[in-house]
Structures are given as structure tokens and as C-alpha cells.
Amino acid sequence: MTPASGAGRRFAVSDLVALAIFVIFALVPFAAKLGPEAYVLTLVTRVMIFAIAAVSLDLIVGYGALVSFGHAAFIGLGAYVAGILASHGIGDALVALPVAIIVSTLFALATGVVCLRTKGVYFIMITLAFSQMAFFTASSLSPYGGDDGLTIHARDTFAGFAWMKGDGALYYVVLGFLLLTFLLCRALIASRFGRVLRGARQNSTRMAALGFEVFRYQLVAYAISGALAGVSGFLLANATNFVSPAYMSWQRSGELIIMVVLGGLGTLYGAIIGAAAFIIAEEWLAGFTEHWKMIFGPLLILVVVFARGGLIGLMSLIAGPRRD
Amino acid sequence: MMKLVSTLAIAAVLGVAASAAGAQEKLKIGLLTTLSGPPAALGNQQRNGFQLALKQMGGKLGGREVELIIQDDELKPDVAVIKAKALVERDKVDFVVGPIFSNILQAILKPVTDSSAFLISPNAGTSNFAGKECNANLFVTSYQNDQNHEVLGKYAQDSGIKKAFIMAPNYQAGKDSLAGFKRYFKGEVVDEVYVPLNQLDYAAELSKIAAAKPDAIFVFLPGGMGVNFVKQFRQAGLADSIKFLSAFTVDESTLPAQQDAAVGFFGGANWAPNLDNAANKKFVADYEKEYNAVPASYAFQAYDAAQLIDSALKATKGDTANKDALRAAMMKADFVSPRGGFKFNTNHYPIQDFYLVKVAKRADGKFQTEIAQKVFSDYKDPHVADCAMK
Amino acid sequence: MSTSLLIVQTLNGLQLGVLLFLISAGLTLVFGVMDFINLAHGVQYMLGAYLAVMFYALTGSFLAALVLGLLAALAFGLLLEFAVFRHLYDRDHLEQVIATFGVILFLNQGVKFVWGASPLSLPIPEIFSGSVVLMPGLLYPIWRLVIIGSGLLVALGLYFLVGNTRVGMLVRAGATNAAMVSALGVNIRRLFMIVFGFGTMLAAFAGIMIAPILSVEPGMGDTILILAFVVIVIGGIGSIRGAFVAALLIGLVDTLGRSFAVDILRLFMSPSPARTVGPAIASMLIYLLMAVVLYIRPTGLFPAKGQS
């Protein structure tokens, strides 16, 4: 796995790739006009929403080696905040979005305090446990649809302005959030905070010996990651006009991990590529046969076995050895 | 010269005729159902029923050739939303038929009806869409979810059962189920238990049932849940002393796995394979010949969805552009359903008869439900009063 | 809430616990000795059930179905090991998770492709098909007692094997420090294969034993997989003793929780909310338990790993 570094030639290359990705995203709506416009917009919007969550997961998995198997819970929390507030008549993002962020952050802090006492597979399982608890709680919320879910009739406005009403407008709002998320995470990684996190991934004893309170840094990273995933959930609820406990299932958390690893751990833009690859492959393959999972499963295995470093690793293999 | 003119004239006439025939382009219909995971068996029945009707009508509905696009909702509501949007926006279907599950219906209603397509649900029939949130572009060919459970409630009340133990999964449909049962059953409910969705081992609940000593139990345990519960109920020896009443727990989709364990158990339905009318005899015979399995309600309700579309298009002469005319034609429901009479109520849910059914083993070794007695005639769902459409 | 109901529910909890042990034992060994996260363990359990159903249809004998099913599952497991898992031993846990998840996707769809989506059944063998009267009106199927019995026998057998034989010693050593064992000249690859094969057979055995009671359907391994991971995490990875204790604990907590949660809640709140909150809490109970255990002992109850 290619470690993330903040210096040298590699920095410039990764920047170029990220730029290319965002330019492509920005141009998609124009290309979509040539075909089934609304469908393409809906699909790529979904890609970007999960990309936000995947990038937030890459922050702690790729750089912090904290494999959270409960990240879907944050998505669900953000989505439910949007849904519950909407059902009570509060349909403005100026209120709903900060509440979503606060709720996700609080959940991250509360569960992080317990989870970060463990390491490795124990960490994985305990994050799973907390997300399952959130899942069962959401399923029992009958005033909000329970297992059937809740329909959200109108998307959130921004200070009264219907900024997400049309599919095209929603697309650019989500793209904006994705860009913000990416820049925020990139700045975090390059900062002193990020270096401590990465150092802790490599050798936490050493970091502690150097005087850093590793636990604090990890908790903050976990909270930021959870908050960003909550934003992703808020956007997902708005995009689908619907929220249900299924958004928090452990299978969803697993899919997020796959997206991050598939794209290439520890590169941030890899997570975006992974999300796009996963969702588009799902859609595309499902069009061929109802047994598409029999193709998708082995595909995953092949990527893992042969493409170290995910798709990014594969691309650099094809592009040739780096000249650093 | 004359020959040229006449040739041109004939060509012109033929050309016009050809384009007039081709002007009626293919009728696009999207079928969105659950084709993966354990409930795929139900989605398969739904798909088979619809395709059987299409086959019988030569691939045409209302005289128009049909292009059927089948999508799998994977029992994930947000995936269903994407697939539904793909159907109405990318494939530009005129009708979306499906789904099986209530939570999927909840998710796709808005995207489908916001576009100009009509949504025909051949299974899910939630209470909110029958009442407060009724929708002019939704048509339900199955029933309203409460009704089948009410059948058993009434039967239990009328047949003198004093103590009942009732159980359902812990989700909205489960709660609606037990509410429906209690609406008619006025005896003593010794216990009302909600089990986690997809629970497989009922050892704990069976012990509770034995301890409570009810006259009858009423359960709503669809799919694999029902398969397991029936087997374990029989294995625990409770079937001899406790009457087994249920909805959607012993039906043709689960009987192949339940087999002898389910014989003699009761269910409630708007139809059974042995319902005695000509349309049903033909439907069941054709289905068994084509798919080598006994059809369940999921199949015949989808079959009716196809017939509904066909009847409506016959009335509008194949036109789907005039939505008001199409809607009026659909409301007429001018077709012969295997269940006998079929009428729509003002909320676009059916008015139909309901029966108590009993599981039996056929001479050829297969299992099916059979009509035991009629419980409701021309039964309307209780939520229609809340619907604004009149 | 009577004593007889309590006794019955305890038996039920033991049966679930024993089943969980059969599945977790293999999982914890593979994880402990080979440091390999095998998500596909759940589908091996499912495959055992399907293969038994198939052999029963061919032979008409449960015993034959059991034996043949075990052998076929073993063969299939070894094939998987050779084709996929072998390439992953040196890899990151994450990559193992993804690859074995791919195996799950493939096999879940595969069994649907081969056997169809409808649930299948396996009948209880004739000699065990009766019941004993546990409570007036409640017959407890002998087969469930057979499951408990066979599970306990397997547990005893494993205890003896791991504690008193050379292979067992190697397994214990490997769980503590695999690199050291290899450095001491033991053929670690062969040990891995033995451990893996054993784990697969245990999972398949669990699947075959439970098939007469539960329906055999695609995806039946998925929920059990999560439970199994909860068991091995609570018990401590690599420890059979830990898996046994944790499995019984979880079986009892889950069963008793589901039976009595609503009644306990009814002491504090009115019946209607208690009825819906109860099952939700009952489902969460084992995760709460895991969180509490990990808070007190971050590496589980009986961790096998020494200093790494």
C-alpha cells in the first residue's frame, strides 16, 4: 500500500489526479444532456455522496489505521436528522445541517471514547457493535416509519432558497460538499495533526514516547470523520427524499470499506475513485444479469489479490514505475 | 405516367399506413421487484405471474407490443429509488409494476408518481397510501395490508376462540398485522410478541406459547421466518392442542419447504389456487405448466396487474399520453380476475372477497391452500375514509 | 414467569450457544493461528447445509448426507483455500476482509443459481425424530438435545485435541506466535491447511445439524457470521476455551433477553411501548455485552496471543 506523503514529486501527481476527478465531475451534467440526463445525474450524485463518506473513512482507515466497521451509522444519523426535522416542519439546511453535524460528532465522540481503547480486529468489532445499536434503535422508531422508513417530501432549502430542488442544482451542491470534504481532509493530513495521526499508525508507542497523547488525536480524527459522514447522510436523505434504517446496516459499512480499499487506501482521491467504481460497476453489471454478484465477487477478489494498492495502485502499475 | 402516379399513390398510402401502425410504439413497462436474497422466491413469483399474462396475450397489452424492463430492488430502499428513477427517467416507462415489500413501496412512490408514470403495486398495500397519503397515480391490485389479518381476527371471534397468542415481526407491517387481528378479535390476547425481523429460531417463543396455553395462535411471519416457525411449532408438538391461524405465513411460496408440517394450518387470503371459477382454473393450470410450481398470491396479483393495464389500454385505444383518460380507464378495472370480482375503491385499493384458507396436500404431492370459508364479501379497507380522493 | 419456563429457555439458550460454539471454534482457530480474517466462514456453514440437502435427496439417509456433506464441504473449503485464501495470508486484514467478502457474494449468489432462491428443508433422522415432555403441553424435540450433545462432545474433543496432542500443541503455539513456530522448523503451511480444513468441517457440521430445524436458504450464513465474530471477540481470538465460554454466554443472553426483555420492561413502562422497545433492546443486548467486555478487557476474556 502506498503510504501517503506530503512532500516531493508524488504530491504534485496526486494533486493532478484529484483535479482531473473534480473537473470530470463538473463536466458530467453537460455530457449527460446527450443521453438519459436525469438518470445519469441521479447516479453520479449518488456516487459523490458515497464518495464523501468514503473520503471521511479513508481519513481514519488509510491514514490512521482505524478500521471503522460502523461508518454507515453516521450516514444514517445525518439522514435521520434531515428526515425527523423535515417531518416536524423544519426543512431548512441552515438548521438541519448543523444539527446533523453535531449529532454525528457527539455519537463519534461518545462511541470513540470506548472504541479507541481497543485495537485491530477488536476495534473493528466494537465499531460494528455501536452501529448495530444505532440500527436497531432506528428500526424501532415507529413514529418515524420504523423499518419501513420515512418519506421526505421536499428537499431542504438554504435560508429559504430552494438550492437543491432540481436534480441539476442538487448535483452541484453535492459536488461542492465533496470538494470541501476533500480539501478539508487533505489539509488535515498535511498538517501537524495529520503527521501525528500517520505516525501513530506506524508506531503508536514511538509517538507516545515523543510526548503526543495519541488517544486524543485519534478521537478528534474519529469525530471529524464521523461528522463528514453525517453530512453525507444528510445529502443522501435529500437526494432520495427518503430515509430508512437500511442506510445504517452493517452491509453498508462493509461496502464503504470496500470502496476505500478498492480505490486505494491512504490517498483520499482513491476513495472517490473507489466509490465511483463500486457504484457504477453495481449498476452496470446488474443490467446484464440478475446473477451479477457472481461476477462482482470474483472481481473484488481479483482486485485485492493482484492489484495491491487498489485501483490507484493498478493505474500506477500500468503507468510505469515512478521516477522519484 | 399513370402507372407511376398510381405506384406513388400506393406507396404513399402504404407509407402512411405503416407509419400509423409504427406510431403506436412499444409500450414500456418497468417491473421492480425483489430478485436477490431470501425473498427472491417472492419476486420470482411476481415476475412469473406478470410474464404469464404477457405470454397469454401474445406479448401485447391493449394491442401494443410490450417491452418489459425488469429491475431488482435488492430489498434496499435507496437502491430501489435509483432503479425506479432509471425506469421512469432513462427508460421512460409508462407503468412501474411492483414492489413486493412495503418499505420499498414507501421509497419509490414519490419518484414514480412525480414523473408521469403510473405505479401498480401487486403486493404491498400500506395503510398510509390507502388513507391520508392516497395518490391518484397509484393502483393496488393486491389488498390493503391490514385486511388479511382482519380475516383471521373475525374468524377467531366468530368461531368461539377465547384466548389467543399473537406474534409478528417488529416492523410496521407486523404492527399493522396484529392491529388488524385485534380489530375483530375481542377475546383475550394472552400475549402480543414482536420478534426481530428475520429471526430464525423460535425456541424461546415456543416455550412462551406453551406456557400461555392459548386456544389459538395468530402469526404473521413471512418468508423464511414462516418456514422455520411452522416446522418448529410442529416439532414442539403444539399443533395438536393449539389452532394455527396466520397470514402470509403458510402460502404457496413457503409450502414447498414447510410440506407436511403445515397441513391443516389456516391462513387468510383474497384467493386460493382452488378457487372455483373459469379464469382461475385457466390461470393455475397455465402457471403450473409453465413454471412447474403452484402459484401464490404474488403471482396472481401480478397477473392481474398485467390484465389491468391491458383493459385500460383497450379502453383508451392504446393511448398513454392522456393521463386523465388512462386513469379513468384503469379505475374501471374492466377485466376478469382469477379471484372473481374485482373493483377499485376511491383510494385505488381493491374491493374484494376474503376467505379463510387451509393448507392441504394435493394428490400429486404438491401443497396448496384451499378455500375453507368466505369471511368477508366486497370488503373495503378501513383507511379509505381518510383519503381525499372521492 | 415460572421456573419451568426459565428452565426451558435456559436449554434453548444452551442450544444456541452450542451452535455458535461450533461455528466460532473454527473461526477463532483460523484467525488465531493463521491471522486470517475469514468472512467466508458463514458461507461455509451455509454450504454444509446445502450439500447435505443435496446428498439427502440422492441417498435418502441423513447419516450418509452428513458424512458426504462434511467431506464435500471439506473438499470445497480446501479448494477455496488453494484458489483464494492462500494468496492472502501475508496480506493486511483489510484486504482479507474484502477478498473473503467477495467469496461471500459469489457463493450466496452461486447457491441461488444452483438450488434456486426458495428455502429448502432437511428432515430430522428417524431415530431422533421424537420429543421429550419438558413442560405440560410442550414437547422438546430430541434433535435439539442431540445438537446440544454433539456440540458438547465436539467441545470436549477439541479440548482434548488441543491440550493433549502434538498437533494441538502446534496449534496453540501457532496461535501465540506463528512466526516463531515456523522458525522452529515446523511446516507451517501444512499446519495452516489442517487448521483450516478442521475449521471448515466444524462450520459445515453446524450447518448440517441445524438444517432440520431452520430453513436452508441463500444468505443464511450472514447473520450467524456476525454473531460468530461477536463470540470470538468476546472470548478472545485464538482461544477455544474463550469461544466456548463466550458462545454459551451469548446464547443464554440472547435467548433469555428475547424472552424476558418485554416482561422486565413492563415493570417500568406501560405494555404498548414495552412491546416495541423490548425486541429492539433484546437485539442490541449482545452488542452491549460486547462493548462492556471490550471496555473492561480490550482483548477479550481469554486472549491467546502472546507478545507480538
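We just call them A, B and C in the order they show up, numbering each chain from 1.
Definition applied: contacts are C-beta pairs under 8 Å (C-beta built on N, C-alpha and C of every residue); 3 or more make two chains touch, one makes a residue touch a chain.
What you are looking at is a predicted structure, and each value in this text was computed from that prediction instead of being measured.
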Between A-B and A-C, the pair joined by more C-beta contacts: A-C
From subunit C, the most remote chain by mean C-alpha position: B
Euclidean distance of C-alpha centroids - subunit A vs subunit B, Å: 37
Chain centre separation (subunit A, subunit C; CA means) in Å: 32
Overlap residues in subunit A, where contacts from two or more other chains coincide: 139-140, 142, 293
Multi-chain contact residues (two or more partners), subunit C: 109, 112, 276, 279-280, 283
Interface hub residues of subunit B, defined as touching at least two other chains: 36, 170, 175
Contacting residues of subunit C [partner subunit A, same complex]: 31, 37, 84, 87-88, 91-95, 97-99, 101-110, 112-113, 226, 229-230, 233, 237, 276-277, 279-280, 283-284, 287-288, 290-291, 294-295, 298-300
Subunit C-touching residues of subunit B, taken from the complex the two chains share: 36-38, 40-41, 44, 170, 175, 192-196, 198, 200-201, 203-208, 210-211, 213, 223-224, 227-228, 231-232, 235-238, 241, 253-254, 256-259
For the subunit C and subunit B complex, residues of the former touching the latter: 2, 4-5, 8-9, 12, 15-16, 109, 112, 116-121, 124, 131, 135, 137-141, 143-144, 213-215, 217-220, 223, 255, 258-259, 262, 275-276, 278-280, 282-283
Residues of subunit A that touch subunit C when the two form their complex: 1, 61, 67, 114, 117-122, 125-126, 128-130, 132-133, 136-137, 139-140, 142, 250, 254, 257-258, 261-262, 265, 291, 293-294, 296-301, 304-305
Partner subunit B, residues of subunit A touching it in the complex: 36-39, 42-43, 46, 139-140, 142, 145-149, 151, 153, 236, 240-242, 244, 246-247, 283, 286, 290, 293
